[in-house]
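Working notes, beginning with the structure itself.
The letters A, B and C name the chains in turn, as written, and every chain counts its residues from 1.
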Amino acid sequence: MENIAKLEALLFFYGEPVDMSVIARILGITLEECEKEVSHYEQILSSSNGRGLLILRKGNSIQLATKPELKEIGEAIVKDEFRESLTPAALETLALVAYLSPVTRATIDYIRGVNSSYSMRNLSLRGLVERGEEKGASFRYSPTQEFLKHIGVQHVKMLPEYERYHSLLQTFARTMEEVSVSEHEEKNPETPFDEVPKEKAE
Amino acid sequence: MYELKLDQYQGPLDKLLELIESKKMEIGTIALASVTADFLHYLEGFKIDLGIDEDSLSEHAQYDAPLELLADFLVVASRLLLIKSKTLLPSLELTPDEQAEIQDLEVRLKLYQEFKRTQEHVRACWSDMPKMYTREFMLSAQVLFYPPSSIGPNELLGAILKISGALESAMTPKVRVKNQILNLRTKIEEVIAKLTNIPQNLRALHGEGNRTELVVLFLAILHLIKQQIVKVEQVDHFSEIMIAKMDALKVE
Amino acid sequence: MENIAKLEALLFFYGEPVDMSVIARILGITLEECEKEVSHYEQILSSSNGRGLLILRKGNSIQLATKPELKEIGEAIVKDEFRESLTPAALETLALVAYLSPVTRATIDYIRGVNSSYSMRNLSLRGLVERGEEKGASFRYSPTQEFLKHIGVQHVKMLPEYERYHSLLQTFARTMEEVSVSEHEEKNPETPFDEVPKEKAE
């Protein structure tokens, strides 16, 4: 059996997102070989109209999912159980988490100008955002695979104008420092700029 | 239920942006000054809109979150008030802190305006039913007994203690709202004190209408603070909520 | 998208054996066309060393499964997943199930503030918790006898400070039920299609 068959079996069996290093270990290959194998598999899946699956990516984890073009197949099976509608506050918070992840609640609060604890908790309960690593005393939030499944993209980076918005906050943070508002803001727990999200965390 | 209700409301920046955009103005001091009255007018409607009624305040769920939201609005309102005062009274001296606050509001509003586009993007992609479906975790695996290497009653208790601790701290009374309201009151007192200390400058006002407007703004805020904001204290989640009106303002 | 892609997506997601007539209905084709499509797919899967899956037939039902030659992949991942001690998220979930049992997943989610479906499924597969009676639309979970025996406790009531924390957490859970989070929590999360995401990253 080829490695690609093993990869397929593994992803199918596991179901949940699985870390690339775990895949490499189980298949007995190096991380580089693994990444190559995954890219190859991804390529096969996406290039063929005869395949119904694709690879969802989040950070170093991957997961198999059905293609968004086939959403009516899933809908025919699940009916309304997975329905998730968004209120304006939930949408606002979720959009910021998606574009800025990993991001602290303080940053979200700062941009929205309101306390987002309820919205964040609600999204977290619904499995649309999740808490990741701790940054100092606060957690950093990211969108989940469930979010990707609802919007039908394989990776948050494929959201429209992702790069622009992802880097926008840092530009603003620098501007803020230049106008030296930071001194004033330091007393204020709302200020998020000591913890601007970094690309490398993705 | 209040949580669901809260979700339907616009935040202060969102409201402010809407007001400015409805006047087709660019974000800046002039625009902010020109929408101050509208913003405060919107704030005045809060009590009715959110159903905060002193008779129902004993119902924890009825007021807690809206009060939080109101506090966020008041922060913005206090900054608008500064901007408006400065526009009406150019000779009014602002402290560096106050200058910074005004600048901060502008910058944040611009930031908010930028990021509002992300909502449109996500809304455009979003579908209530998922577009993709995945398999359940280890759907075909057999249930066997795989106990973790080291676990006992104490580990379970340890986890429970951590959770209980987190719950307790999540329920400690929120002093933030109270502090912000007190800060705002101080700020208004300061501005009014400045006005009364420099009576000669009042004549420098551009016109009667403007002066009236300024007075109306202060009155609106004072009214809001006296009539609608109450001091809220709660010792812990399950105790009764103590409510007391704030002391009458010394100014006026 | 070709019918074969739809078939693949359906079988992948459905999980359980599914009747040929159901497949035909969802794909909007006749039973004969469906049988042809399935045979074709079956042929593709079995003839290639690059595929890790096969079709299992039982009467008129079919199911997608990993190839028997790849059995060790499944075993390796099970070992990998369960060899480790519990993640903080899983331990938290297990402790709550123990102190609150029988308890619904919605209650656990609410107390934890995050979606616990992945942790709960993990604990179930490890034989540490089990589903009991239904409460409304959702199941109630308890620790297994085997687990209690393993930690040397005859009954949950013998857990340290059981009374105190059982009632404290119950009071909290009840307060929240009154506030009634959202109707979202009431939907049945326990179908075979349940795969609301997890708080794995924690």
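The criterion applied here is as follows: contacts are C-beta pairs under 8 Å (C-beta built on N, C-alpha and C of every residue); 3 or more make two chains touch, one makes a residue touch a chain.
Everything numeric in this text was worked out from a predicted model, so none of it was measured.
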item	value
From chain C, the most remote chain by mean C-alpha position	B
Centrality ranking, top chain (CA atoms only)	A
Interchain centroid distance [CA atoms averaged], chain B/chain C, Å	41
Approximate Å spacing (C-alpha centroids) for the pair chain A, chain C	22
Inter-centroid spacing, chain B versus chain A (mean Cα positions, whole Å)	28
In chain A, residues with contacts to at least two other chains	12-16, 64, 66-67, 73-74, 77-78, 80, 82, 84, 122, 145-146
Chain B, residues touching no fewer than two other chains	3-4, 133-141
Touch list for chain C against partner chain B, complex	9, 12-13, 15, 65-66, 74, 77-78, 81-86, 88, 91-92, 94-96, 98-99, 111-112, 118, 121-122, 124-128, 144, 146-147, 150-153, 158-161, 165, 168-169, 171-172, 175, 179-182, 192-195, 198
Footprint of chain A on chain C - complex, ascending	1-2, 4-10, 12-14, 26-27, 48-53, 64, 66-67, 69-70, 73-74, 76-77, 80, 109-110, 113-115, 117-118, 181-182, 184-185, 187-189, 191, 193, 195-202
Chain C-facing residues of chain A, complex	1-2, 4-10, 12-18, 22, 25-27, 48-53, 64, 66-67, 69-70, 73-74, 76-78, 80-82, 84, 121-122, 124-127, 130-133, 142, 144-146
Chain B - residues contacting chain C, complex	1-4, 61, 133-141, 143-160, 162-164, 167, 237-238
Chain A partner contacts - residues on chain B that touch it in the complex	3-4, 6-14, 65, 68-69, 72, 75-76, 97, 100-101, 103-104, 107-108, 111-112, 114-115, 117-119, 121-141
